[in-house]
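Labels run A, B and C following the written order; every chain starts at residue 1.
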Amino acid sequence: MFDRFLPKEYNFFGLLEKQADYAVEAAKIFKEAVVTGSMSEETLNKMQEVEHQGDDVTHSILDQLDKTFITPIDREDIHALAKEMDDITDMLCTISSRMRIYKISKVDKHLVEFGSIIEESVLGVLCAIKGLRDLKNVKTILKACVEVNRLENAGDKKRDEALVELFETEKDPIAIIKWKEIYQEAETVLDICEDVTNIVESILVKNA
Amino acid sequence: MFDRFLPKEYNFFGLLEKQADYAVEAAKIFKEAVVTGSMSEETLNKMQEVEHQGDDVTHSILDQLDKTFITPIDREDIHALAKEMDDITDMLCTISSRMRIYKISKVDKHLVEFGSIIEESVLGVLCAIKGLRDLKNVKTILKACVEVNRLENAGDKKRDEALVELFETEKDPIAIIKWKEIYQEAETVLDICEDVTNIVESILVKNA
Amino acid sequence: MFDRFLPKEYNFFGLLEKQADYAVEAAKIFKEAVVTGSMSEETLNKMQEVEHQGDDVTHSILDQLDKTFITPIDREDIHALAKEMDDITDMLCTISSRMRIYKISKVDKHLVEFGSIIEESVLGVLCAIKGLRDLKNVKTILKACVEVNRLENAGDKKRDEALVELFETEKDPIAIIKWKEIYQEAETVLDICEDVTNIVESILVKNA
């Protein structure tokens, strides 16, 4: 009888984890492509598929947020997490698409390293998000956050190194235009991962 | 006597509609310019005039938000709508200004198509915003939102097509720099339109 | 005995002023470098040092926000101010780093002027932030906000002028890529300063 007064059981943690899973899948597809040395049309299609699935989960989260007053953690944190994790997958999809558009046929060592750093970072995001459900292993969560932060710094360095080499060795301005954008976008993925873990850390502080 | 306890009559809906009207005006000016084939100084001046008028409305909305506790829809939604709609007009003004700075004297078919897609999308935004006032025609609002979403996807495709052709056919790197920026900014207008309708959809869900 | 119920004394105003101080320091380092004509490694190191110190203050503010319910001004305003002021210092550090990466060995008159405009604008930000503590000198605060707004417009004009000259006179596309980015980022610093003073103005209205 009073059921209607009880909050519906919205599964925010499950949905956030699902988003993180898709981000990990996108990072794995990206890494494999750069290790292989090129972005095939088939791989890009797979990436876009993952991106669409991630979009659906994002919409579910935002929709459920709008339908309930009661959330397990601050609603603006859920909103921000959903948006940022969507951005991770989106950005990986954008880079993959640019690689096709620019007909990048040979991937350089910097992008291969970015592939690994990004995968590690997104795995850190997944770990931090999984910890939110019960906040029992605060140490594990914090360790993941620190790691994502470290990887963002590593990515900054990598991008700077890559740009220095690009401007020193590449004489074709059109190639510079293409690679500059790809390196900068790769680094942006790591910035977004850090945004996610910053939100997670803030949730930890508020629930301490 | 109790007047002072009553909320002042702030006309948020009217102001938001005015912003949408200015965005439509900017989109029409932009479309006409690209159809004509170039951005004259006179046209740019008209665009900047509209942009300033839009700015004034944005400031009015934000100012009134700060002065009242009572809003007809969530205050953060009004804030976000005002900011995003301001961004539509701003971005159209930026592209127009860049066309002058880059001395773009001949507009290509891709930008002409962007002109049409953008106009349609901003008209969709206007329709969705107008529906907010009484939420009576939810179907009409939702139809506009779906349309704006469709146009954003169309814009993504258009930008990718335009970039592929640009990098395949243009051999002058300086021309690539100019056009790459213009195409990407044109697509950004459609992203912002979609941001507006996402907020409108969220308002619908919360008021369902 | 009731101490535990009293809000801890968090020093939000002091921390925000400290952030503004670091932004001023970054602006002064930047201006000196462009006046000197180049960004030495030593100067970049000094800039990065300031950026790290600014980061620490930002983290302190966000952390204290998460730990308290009671704030002297709206918590979302403190949050936004902290983020925007962090962005000022970050962006100045990014431009400085790019100047090294791009081996910019001779600074042009436009960047020198940007150096002055940015310094003036960040000093306006500091003045506005300092006024928040007691809101006694609303006129002084508003004057600073108007000035920061004026400088943002001046920066827009400067960037457009610089781009026109760049595309008219520079024939090396790689030099265009570098300088275009630097001018646009320099203008972005002024945008962020204006974002700060917009928040300050909004705080004034809410506390009027």
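Quick note on the criterion: a contact is a pair of C-beta atoms (placed from the backbone, for glycine too) under 8 Å apart; a residue touches a chain by one contact, two chains touch by 3 or more.
Model, not experiment: these values are computed from the prediction.
S.K.: Among line, ring, star, complete and other, which best matches the way these chains touch?
M.R.: complete
S.K.: If you fit chain A onto chain C using only Cα atoms, how far does it have to rotate, to the nearest 5°?
M.R.: C-alpha superposition angle, chain A on chain C: 120 degrees.
S.K.: What whole-Å value do you get for the distance between chain B and chain C if each is reduced to the mean of its CA atoms?
M.R.: Centre-to-centre distance between chain B and chain C: 28 Å.
S.K.: Specify, in ascending order, the residues of chain A that touch 2 or more different other chains.
M.R.: Those would be 173, 177.
S.K.: Using the touch definition up top, name the residues of chain A that touch chain C in the complex.
M.R.: Interface residues on the chain A side: 160, 163-164, 167, 173, 176-177, 180, 198, 202, 205-206, 208.
S.K.: Within their complex, state which residues of chain A touch chain B.
M.R.: Answer in residue numbers: 62-63, 66-67, 97, 101-103, 173-174, 177-178.
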